[in-house]
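Residue numbering begins at 1 within each chain, and the chains themselves are lettered A, B and C in the order written.
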Amino acid sequence: MADIHIDRVAKSFGPVRALEELTLEIADGEFVALLGPSGCGKTTLLRIIAGLETRSGGRIVIGGRDVSDLPARQRGLAMVFQNYAVFPHMTVFENIAFGLRTQRADAERVKRRVGRAAELLHIETYLDRYPAKLSGGQRQRVAVARALAVEPPVLLMDEPLSNLDALLRLEMRAELKAVLRESNTTTIYVTHDQTEAMGLADRIALMHKGRIEQIDTPMAIYRKPGTTFVGSFVGSPPMNFLSVPVEGGRGKLGALSLQAPIGQGTLLAGVRPEDFEIAAPDQGVPIDVVVAEPLGAHTLLTGRYEQQQIRVIAPPDKEVAAGARIGIVPALQRLVWMDPDSGRAIERIAAE
Amino acid sequence: MTTAVEPAALPRATPASAARAQWLPYLLLAPSLIFLAVLFALPFLQTLLLSVSDGDKLSLANYAKMATDLNFAPSLRNTFALVLAVVPLQVVLALGMAMMLQKVRVARDIVLWIWTIPLAVSDLAAGLAWFAILNDSGYLNSVLYAVGAIPDQQGLLSYETPVTLFIGIAAAEIWRATAIVLVILVAGVQLIPREYGEAAEVFGATAWQRFLRVTLPLLKPSLQTALILRTVLAFEVFAVVYALGGRNMPVLVGEAYVWQHENQNYGVAAAYAVLVMAVSLAATVVYLRALRVPREQQS
Amino acid sequence: MIAARRLVFVSGVVALCAWVLLPIYLIALGALGGRATVYQWPKSFLPTNVSWSAMSAFLEVEGIWHAALNSVIAAALCMVFSIALGAPAGYALARFQFRGQNAYRLLIMLTRAFPLAMLALPLTVSFIKLGLYDTPLGVALVHTALALPFAVLISSSLFMGIPRELEEAAWVFGCSRLEAFRKVVMPLALPGISAAAIFAFVISWNEVFAASVLTVRERTLTAYLLTVLSESPVPFRLAGGLLLIVPSVAFIFAVRRYLFAMWGIANR
């Protein structure tokens, strides 16, 4: 078990800055997800931690040991690769045993550990097979078992579920969570899929353009996005940001007068689509419904308010047709004020 | 919420253990580079030097000697005639075979293997195989005799029958070296996604139009490789000619061999070598220009 | 209508197969025909009197076995040199990005657009000085220059086909670069590398010009046949041709699966 200090780690590819100086503390046994869109630097950061990529500056300290200049094999970690990287010329058993063999573990221990890892991932019946005979999901399990078999202090996972189909991914996600809780390993998990990050992680580090935009628990990231980027990247559909003119400390949003954190100017009011109450057209914010999509669990409404697009999640029994004009009332205690110029959240003053 | 696999957005740098990774590729390339310097660059320069030296001084005497030699003009003519006759035919034939292969349903692997057999056959052996057919008491004469076309054995490969000798040599060359063109083209065809042809078909293109408008342009890089390789080798034609006609039909490389080996005149042999190299490089440049794929069209 | 078209198509395919196979069949017929066939006129296309006599007479001629042995030695050396020099270069091209990479690729392409065998001419002089003239080793060196570009391009495409992640996984799980190569890359590349090796062997086995220029007494099979060609009887020539054809065709049959993969990527 080990904690990880990532201390001002930076990376440039020639003139391109892939990672700004980046600092991140991960506690022993913690599960941190690096979440972000393509090209945000999350995989680069993971590979630098693994020792598969050079860094341009900074330090990486794992369990009190500075590993910055050590090759991957001496960092004492395990990794699950995006395309599994299960060795095709070895049986499942030999694949899982690979890390133990390079540690020159004795046969007895290899057998015991491989057996346990295989059992954990429910692949104990495939041990004699070659990977070519396995499905994608089974290979995925082999890759995870291989990583867990060495009982690593740190486990790195690079988009491990992205090559699975949707149903299998759901199943593996739940299983991974159970397995990893049991192993109690410090885990860094790279993904571009917010539901994976939300579902699995103790904390999410949301990355954008080589920086960490926000690092917090999943619920805090969702409820209190620190920037407009976080609000629109996390959540599906994304958070609404409505432009609100403020005068004399009160913001005007449709028929509502909101207490604003500034005296004068314009603010963005961030409201999650599910945080609206449907009301009569003359109440709250009047919107013209453009599209209504009944999705079963709820109905998704896309509407317009003063040239701005708004997405609202309405209860499924609410009958709203396209073309209708309705009023919507945001749940004020969940509203987040953002500065339109910097895109940053303004420390909330009492919303009431 | 996309399920797509994230593409590598940035170029991957060399892996860690940085200092070592910096010089490792050069270390890996060094042996082959040194080898090519000693056995490619050096002899190339030596050939140039040898061809323009006469004793200790520089002179064009070797080239003069080459140009005034009785066999020079015929060997030049014969070599070019062979290249011009053989290479275009081979490309057309190989293209046809590659297209046919796409339609072969049964035993495709066997057909493919049979068609590529000549790839493994030495040019000397290929010449000898055709010698079995074309010699005076050979199989072609036997057939002609059996159908009553000729009264008796007929010389086909002698001094006096330059036309049939040329045709025989050309046939042997086409037989032997079409396979390499075929392999390159089939490999190229495999790289063209099927969807392109299917898209053209949906929009009403006939098979011939699909070939001309879709397949052929996309095959350009393969055609270029095949043409360069084949033309350079065709200018080197030698063993096939010797196996079939001895010295009855002089060719450039054959003359170089004679000057080197029998006349022991390395200078004139080098002059011939420089000529062959110059012609080959010129052909390569022509192909590179003519079959260039503009950068914006590259997939 | 469609059936008729199909018939034309199938006959075309069959005709082309016959075009390829017929000369080989006929040289075999001539080489294995025995005395009766040699003087038969007109010749029969059927293997009426198969006999090993012409072939065994050929094999008893002094120097044939020696020449064949020289060919095997030269080809084996060429194979070893090509892979030993070419595979590391192929690995470097496949796995690293470095300055000069494109220049190296260009050099390799350039050698392919070059009548390499002609370089044997000036090498005669240097080889005499170095004691390499008239040895299978000398021939092998020149043949390596012919086969090396192919070995580099083929092995580079092979290594590119092995996912980098497999190697990285080996590193993460405790292997050094060399160990990872030995345990993971090598076993996966081996079949393809052997195919490339066989390809190099065949290139050397078949080469005529350089081998003839660089040898006098220690001739390879091709060089030997070329020099005795004009004064040899027909069955002797055919037997020699058949002896050249059989092993290389067998070798290419063994690597047929790799032929297209090798060329597809070696084109780029």
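Keep this in mind: contacts are C-beta pairs under 8 Å (C-beta built on N, C-alpha and C of every residue); 3 or more make two chains touch, one makes a residue touch a chain.
Computed from a prediction, not measured in an experiment: that's the story for all the values here.
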From the centre of chain B, which chain's CA centre is farthest?
A
Higher-contact pair (C-beta pairs counted), B-C versus A-C
B-C
Using mean CA coordinates as chain centres, what's the chain A-chain C distance in Å?
55
Distance-wise, how many Å sit between the C-alpha centres of chain B and chain C, to the nearest whole number?
15
Give me the residue numbers in chain C that touch at least two other chains, ranges are fine.
168, 171
Indicate the residues of chain A shared as contacts by at least two other chains.
51-52, 71-72, 82
At least two other chains touched by the same residue of chain B: list those residues.
11-15, 17, 21
For chain C, which residues count as touching chain B in their complex?
9, 12-13, 16-17, 19-21, 23-24, 26-27, 29-30, 39-45, 81, 84-86, 88-89, 91-92, 95-98, 100-101, 104, 107, 111-126, 141-142, 144-145, 148, 152, 168, 171, 177, 202, 205-209, 212-213, 222, 225-226, 229-230, 234, 237-238, 240-242, 244-245, 248-249, 251-253, 256, 259-264, 267-268
Can you list the chain B residues touching chain C in their complex?
11-15, 17, 20-22, 24-26, 28-29, 31-33, 35-36, 39-40, 43-44, 46-47, 50, 97, 100, 103-104, 111-133, 135, 137-139, 141-143, 145-146, 153, 175, 183-184, 186-188, 190-191, 221-222, 225, 228-229, 232-233, 235-236, 238-239, 242-243, 246, 253, 256-257, 260-261, 266, 269-270, 273, 276-277, 280-281, 284
Chain C contacts chain A in the complex at 163, 165-166, 168-176, 179, 184, 187-188
Which residues of chain A touch chain C once you look at their complex with the stated criterion?
50-52, 71-73, 77-79, 81-83, 85, 87-89, 98-99, 102-103, 146, 150, 156
